[in-house]
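Below, subunit A partners subunit B and then partners subunit C, in two separate complexes.
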Partner chain A sequence: MDLVANNLSYKPDDQYHLNEVSFNFKEGNLYTILGRTLSGKTTLLKTIAGLLTPDSGEIEFDGKNFLKIPVWERNVAMVYQQFINYPHLNVFENIAFPLKQRKIDQSIIKEKVMDALKSVGLLGYENRKIQELSGGQQQRVSLARSLVKNAKILLLDEPLVNLDYKLREQLREEFKNLFSKGLADETILIYSTTDPRETMELNGEVIVLDEGKVLQVGPAKEIFENPNSLKVAEISNDPPMNIIEAKISDNQIRFEGIDVEAPQHLSKLTEDGLKIGLRSSDIELNENGHEFEVELAEISGSETLLHLKRGDTKIIVSIEEVLNFKIHDKVKINFKIDKAYAFHADGKLASSPFGGLNG
Partner chain B sequence: MNKLYIFLKYFFIVVWTVFVVAPFLWALTTSFKDFQSVNGGVTYIPWVDFEPNLEGWKVLIKSPAKGGVDIIEPYFNSLFVTCTASLISIILGTLSAYALSRYTFKAGFVKNNDITFFFISQRIMPPIVLSIPFFLFLSSINLLDSLTGLIVVYIVLLMPIAVWIMVDFFNKVPREIDETALIDGCNPYQAFLKVVLPNSIPGLIVAGMFCIIFGWIDFFFAFILTFTEVQLLPVKIVALNSSVTPWWSLSASALVSVAPLIIVAFIVERYLSKGNLSGAIK
Partner chain C sequence: MNFKHKYFFLFPGLFVLIGILIFPIIFVVRLSLSGWNSYNPGLDYIGLENYIRLFTDDPRFWESFFRLSFLSVTTVILQYVIGFALAHMVWKDIKFKRFFRVLFLVPMMTTPVIMTVIWRTFFHESLGPVNDLLSVFGVAPKWLTDPVIAKFTVIIVEVWQWTPFMFLLLLAGLLSLPKEPFLAAAIDGASPVRKFIYVTFPLMAPISIGAIIIRLIEASKIMDTVYVLTSGGPGTSTETSSFYIFIKGLREFQMGYAASMSFTYLIIMIISLTIIAKVLTKVLLKE
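Coming up: the complex of A and B.
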């Protein structure tokens, strides 16, 4: 049972929320929609759920026109980024709600709700009020409510974004377990996120969305290794990929008075307006390196993010340890230039170290 | 410092309590007085300062033929009109408010907010402006001097309050709750009845309270739109006043007329103290 969309467009104001979005989702697969905030992820999920009607385009599910079926008959499930539950019902009643709506036998409801509670690790909480639960627990309740229905399409809209770091890690792990437990055999799982790491970890088929437009579709690894444009490279990396305006001539990459020997996959690109892309993790501190000035140093977890500047070029370097720097300190860095990407002036990928295009 | 705080706290509580309760006590004692004890100087304490009697209360239930003013019928008229009008206002007001909160309406430059304002604007006009149109309207449909006519007018007056309070309340209930209900298999009517409404009980109580208070205390329209067939309590109480002001029966009737509001206030207070108004929706 495939979910097929053709040229979905939605433009409620003067901006496109969806712009000619097409896809073909197959059952038993996990699809990750990666995009920044306001890129149209939620709009897309709501359109699939039937909460929004697109201005143009079609959605077909199982060969039937999905747009003609009202939300309440579509058999989809959705988890929101806010923890949405029914505040007037307790945990058990919340999870049982969709089943009661289908007029299923009481004893079967009980069994299914208990199963769902067990799979999200909330056994023993069934008589609690929703308000008494922590954010993470509330989100588990809404996940359980979406699981209990055995919906053919399961939509998860940034389900982890409002949780604190530790819970996020833990729930992400549980998600992966749930997804791999065969839950997904007949289900189309659609997971939206802004977090590239989450995308890579879930390791499904990725749809990169920006300003309502699909930029690239492919397996997570492919998106990571061969982003087809500058935009995708920025969206699919956190911190965003460093973009350096450079010129390549005589086998040298030249920018801000620095000459770096071009690796083989870049050496033939001599055009004007070339942009070199380098991940923040592919730059390292090195005594013999090139001098940059510290603009900002932030410590995030066990990592230090250095915002550096030289002339008009600004880059971010991530270092896998906690280091203290002051603003205007001088640091010396080295580029792992064989990991560099090159993009044409129009933003299209010119060459990637993993063999994309001119490889 | 701490002792001073406690002293001040209780001081103000006592002052305020006296301020609120004293008029009631005054009315209560007065209602047991006769002409002599009211007009013969200041008297406070029954049996010591004056001899209490039940004349002021008896007048209220005696039929006019026996020299009384029967307030029992106006009392139940008032109860009936207020409750019916409030109930209908709450039902219609809640439905309109939900529509105004969740759906987009557009007619030229008129949008949702303008419609909401239109409802509220009905209350901005001074009642006297509305009295003539209401009078002509009721007389044209033969409902002058009838309970039905009063109910119609009170719905016009009370529904804006209900709409105003409920629009604000529904705007604070996340839309995603409705959407989740739809996704979970409710059609829009079920989503409203099974999910939105149960979470809106605090709002309904507040709106209902305001409707009942405003309906119950209205004198102006009850006075203008009724004559002999039907009378409401506030009009009847004012009618008690004759050449000799009967302070005793006026006090008694005042106490009787605030009684329902005090009962409503107590019920709501119980509900409030259970914490049911807070934390329903985050």
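Coming up: the complex of A and C.
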């Protein structure tokens, strides 16, 4: 039972929320929709759920026209980025709600709810009021509510974004376990996120969405290694990939007075307007390196993000330790240039270190 | 913070409160213990005589009280059902939503007494337009002179006049509900009808209780409608407590006796409304 969409468009105002989106989701798979905020992720999920009707396009599920089926008969489940539950019901009643909408025996409902509570680690909380739970627990309740009905399509709309750092890590881990063992083979799981790390960890099929348009589709590894355009490279890296305007001639990459020997996969690109992309983790501090000026140094967790500048070129370097820098300090850095990407002036990928295109 | 003069600032409010609330209640209690009437005005103390008369020798008061209970409960239930239906209708995105919202409020903006005069004309048995229309079917109900039908005429007029108030409270309630549970309910497989039963109605319970209690208090004072529409008639078949107290106190000038009725009525209302509020809370909020 596949979920197939053809040219979905939705344009409620002067901007596209969905722009000719097509996909073919196969049962038993995990799909991650990666995109920045306002890229149309929620709109897409709502369209699949039936909360929104697209202006044009078709969705088919199991060979049937999905758009003609009202929301409550679609058998989808959805977890929202806000923790949506029923405020007037307790935890047990909340999770039982979808089951009570069908004619199911009380004892079976009880058994299923208890199973779901167990799988999200909330056993013993069944009589609590929703308001008495923490954010993470509330989100677990809505996850349990979506698991309990055994829906054929499970939609998760940035389920971790409103949680604090620690809980996010923990729930993400639990999600991975749930997804890998708990779900039946016929479920289509669609997970939207802004976080590239989450995408890589979930390791499913990735759809990169921007301004309502699908930019690239492929396995997480493929998106990471061979982003097909500058935009995808920006969206799928956090911090975003550094983009340096450079010129390659005589086997040298030249920018801001720096000459770096070009690696083999870049040496043949001599066109104008070439952009070199380099991840912030592929730049390191080095005594013999090139001098840059510190614009900002942020410490995030156990790593330090250095915003550096030289002439018109700005780059971000991430260092796996906590270091203190002052603004306007001079630092010396080295490029792991064999990890560099090259993009054409129009943003298309020209060459990647992982053999994309003319590697 | 310990100002010596802080109580001084309480005086204006306290003074008003004593003047308009506490003094009248105390005075009514004192008045009810007196034999004040048109021949013998004054606060002469006669003990509980008035109360003994009320509880042993005045079935008319108790009849009017039960009639009032019936009228107020019926009108409030009808107002709640109709008000909820209308509020639910304009809560959803329908065409001319704003127009309907204002339209449904029009009866509330009219003067009740004047509108009752108009209703009386409407329901006039030989000259009114209602019976004129019904004559097509060959019927002519005695809207104002049949003891049973007259009660329902009072109910119709009361419901028409006060449903907008219920509508306003319930619409405000609906508009203040969080949207998220409704999204969740649709996805969880609840059809629109089930969504109403399992989500909208329970979420509206606290507001419903408030609205019903407010309207019950108001409806227990039914007076102007009855006064203008039927003057309690035919006979005493539409007479309510407040109307009966009005007759005894301000027509027959049995001030002492009317005061004892008022005070009894006040106590009964406080007790019964407390019980109703408790029961509603238990049933609707399951607490």
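Here are a few things to note about the model shown:
By definition in this document, the second predicted complex is superposed on the first by the 357 of 359 C-alpha atoms of A that agree within 3 Å, B and C clash if a C-alpha of one lies under 4 Å from a C-alpha of the other, contacts with A are read in each partner's own complex, and residues count from 1 in each chain.
Here, contacts are C-beta pairs under 8 Å (C-beta built on N, C-alpha and C of every residue); 3 or more make two chains touch, one makes a residue touch a chain.
Remember, it's a predicted structure, so these values are computed and weren't measured experimentally.
Partners subunit B and subunit C clash in the overlay (superposition on subunit A). Judged by the touch definition given at the top, the superposed model places A:N286 against neither subunit B nor subunit C. Touch criterion met: A:V76 reaches subunit B and subunit C at once. Look at A:L51: by the touch rule set out above, it reaches both subunit B and subunit C.
Of the two partner chains placed by the overlay, only subunit B lies in contact with A:Q131; subunit C stays clear of it. Once chain A of one complex is fitted onto chain A of the other, the partner contacts of A:N177 are absent, as it touches neither subunit B nor subunit C.
After overlaying the two complexes on the shared chain, residue contacts for A:N65 are found with neither subunit B nor subunit C. Shared contact residues of subunit A with subunit B and subunit C: 49-51, 70-74, 76-78, 80, 82, 84-88, 97-98, 101-102, 142, 145, 149.
Against subunit A, the residues of subunit B that register as touching in their complex are 174, 176-177, 179-187, 190, 195, 198-199, 279-282.
Subunit C meets subunit A in the complex at residues 178, 180-181, 183-191, 194-195, 198-199, 202-203, 205. Across the interface of their complex, subunit B is touched by residues 46, 49-51, 70-74, 76-78, 80, 82, 84-88, 97-98, 101-102, 131, 142, 145, 149 of subunit A.
Subunit A makes touch with subunit C in their complex at residues 49-51, 70-78, 80, 82, 84-89, 97-98, 100-102, 142, 145, 149.
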